[in-house]
Amino acid sequence: MRYRAIIGRDLRLAYRRRGELATPVIFFVIVTALFPLALNPDPALLRTLAPGVIWVAALLAVLIGQDRLFKTDYEDGSLELMLLSPISLEWIVLLRVFTHWLVTGLPLVILSLLLAMMLDYPMHAIGILVMSLLLGTPILSFLGAIGASLTVGLRRGFMLLPILVLPLTIPVLIFGAAAAGRAALGDHSAAPLYFLGAMLMLTVTLSPFAIAGGLRVSLES
Amino acid sequence: MFVWFHKLASPPFFYRFAQKLAPWLGWLSLLVILAGLYGGLWLAPPDYQQGDGFRIIYVHVPSAMLSMFAYMVMATAAAIGLIWRMKLAHAVSAAVAPLGASFTFLALITGSLWGKPMWGTYWVWDARLTSELILLFLYLGYIALNHAFEDRRTGDRASAILALVGVVNIPIIHYSVQWWNTLHQGQTIFFGPKSEMPPSMYIPLFIMILGFMLFFAAFSLKRLQVEVLQRENKSAWVRELVETT
Amino acid sequence: MEQQDVLAVENLDIWRGERCLCRNLSFRVSSGEALQVQGQNGAGKTTLIRVLTGLGRADEGDVLWRGESLRRNGERYRASLAYLGHSNGVKLGLSPRENLTVAGALLDKPSSADIGAILDRVGLHAQADLPCGMLSMGQRRRTGLARLLLSNVRLWFLDEPLASLDVAGVKLLTEMLKAHLNGSGIVIFATHQAIELAPHPVKSVLLDSKA
Amino acid sequence: MKSWHEFITMGGYAAYVWPSYGIVLVVMLANAILPGRRQRRLLREIRRKQREEQTE
């Protein structure tokens, strides 16, 4: 019941500021569209590049969406209430990052279907691409939230966040793009997907502690 | 013994202790490094495959080892600072980070200078070089966050959390990069010391590693003194120190 | 038999950067008492209140609630306090009713108290379902006050509670505080204006960093 | 033993070996010199501030 109220709050707020939610999605589409323009619209080339392009664009899109995660709550004082709640901050944070992924990460996953077609990614492999994004983008959300929690009190936090978080996202990128790439060639892609699954478990269990710790530190002064 | 450690954790005692110890370690590291250089550049025979090009190993391997060792020191100190709220521990992390970043940078540069004659290009997306590059990014992120806050103590704790997140991630990053490397590279490239190196080659390497370690210890202490001074500049013992010197 | 609850502050040192806000500060507040934190702008009233809630951190000293350090019993301490800060902790995108529902969930108790009745009491009956972004500053502040009423806890911390309240709002606040003290609650507030809470005693702490 | 010539040319690898050692030397020297200088500057600054406070 109390958890439903916390999730409901974020969903309601997201719905009332739908315009803001569109930003990462538009960013995702535009960045992906830049690659054929910069390289060469040859379908054979695009097909080999598609997994990497989609994954890099999705990674950046998730991260730019993450900067806002705690910012407004920090500014209007609601974050203080969450810290002062007897419910453990780790739980609250876990719920909120998950909700945030629902409204920012999930649309990217769905939209990747369209982008995959535009880049001539083979249809038989599209299930694996979506699967890799479904497992990978929540990890990115949690890692981004760590950065957001550490920089929420800083005026220039949005510039610092990618520097802090991008190096940490490299394994996700490697396994995610590898799964999609192998599937496109008709190879087995189970191994990288298992890695992504394992990393998702690890991130969901450990990162709330880092995020909660980051928020406590950020709100101290 | 425990009492001694406890004393060491008190900033004024530590400061004077470091003031005495650092120069000794510094000069000792210079001697050891000179001995290592003599052994490595002059006494050691050329490698039968790489000729004299292999001599880069005597600076590359110690740098690479220190780059990882420094991160471990940084993360351990960060954990101690967060768990036991020890101020000196945060200062240790902040002091070690620039040194670690320096050695990571050196490992990258010497690695790519070594790579040119061996591979024909300065940069190959080799697993070790790539991991080292990511390690440099982690250091830079830590340093940037540590200095981003107006209040030094907030910066200390925020960057300590980042260091711990990094230390959990490093094995995963390392493993994923290796996996990716075997996937795309196929052939393995000879890089680094072979197991059947003769003593005249590996003894100078050990001496150099020892020398770099001593250097690291000496100048971590020096940097740590600066960090402690910055953090304690209003306290009574610093006033006393300033007046007596 | 009312249990006597005591918030005790022992030898608190708080530094902000190069400046010492308080040194060796000690005081006790017990059930039915109020404490006013006084000081000029920038003297550190907000910082002290935040340290007392456990949000901020003191350099030396300790805060004890019911004899236990708040470092050790953080969760139980948080379950017995409510805090109204500078910013109200009110989401502008949500209505007062929705804000209170979330606040109730965060207090970790199914809100037995009727949100509608509380909103009536703070005079937001007509605005209960408008987004807070459309309300005046005073009405947003009242939403924050409503959150205190919802909380049903012993310890109230208020930072500049009079800010943006009109005459009727100040009266509402005083009544709320008196009722809370009557129910053997504790009120700690920071402001440089006087709030008349007679017959309840108002202790005071003056922050003066020059001294 | 080998000759000075061999040592200088590094058997044809001089262009890689000597720059490696050079950059290591530069970075290590910087790391050795800068902290000491910062320490002295910091002490001077603290002393100056203290004098100002005393004369006030």
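Letters A, B, C and D mark the chains in the order given here, with residues in each chain numbered from 1 onward.
Going forward, a residue touches a chain if its C-beta (ideal position, glycine included) is under 8 Å from a C-beta of that chain, and two chains touch if they have at least 3 such contacts.
Remember, it's a predicted structure, so these values are computed and weren't measured experimentally.
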item	value
Comparison of A-C and B-C by number of C-beta pairs in contact, larger one	A-C
Where chain A and chain C are represented by their mean Cα positions, the distance between them in whole Å	37
Distance from chain C to chain B - Cα centre to Cα centre, in angstrom	48
Approximate Å spacing (C-alpha centroids) for the pair chain A, chain D	43
Length of the line joining the C-alpha centres of chain C and chain D, rounded to whole Å	55
Chain C residues counted as touching two or more neighbouring chains	16
Chain A residues counted as touching two or more neighbouring chains	220-221
Pairs of chains in contact (touch as defined earlier), listed by label	A-B, A-C, B-C, B-D
Touching residues on chain C, where the partner in the complex is chain B	16-18
Contacting residues of chain A [partner chain B, same complex]	146, 150-151, 153-154, 156, 160, 163-164, 166-168, 170-171, 174-175, 178, 195, 199, 202, 206-207, 210, 213-214, 217-218, 220-221
Residue ranges of chain B in contact with chain A within the complex	82, 134, 137-138, 140-141, 144-145, 148-151, 154, 157-158, 161-162, 164-166, 168-169, 172-173, 175-177, 179-180, 183
Touching residues on chain A, where the partner in the complex is chain C	1-6, 9, 12-13, 16-17, 75-78, 80-88, 92, 219-221
Residue numbers on chain B that touch chain D, as the complex places them	26, 41-42, 46, 51-53, 55-56, 59-60, 63, 98-99, 102, 105-106, 109-110, 113-114, 116-117, 215, 219, 222-223, 225-226, 229-230, 233, 238-239, 241-243, 245
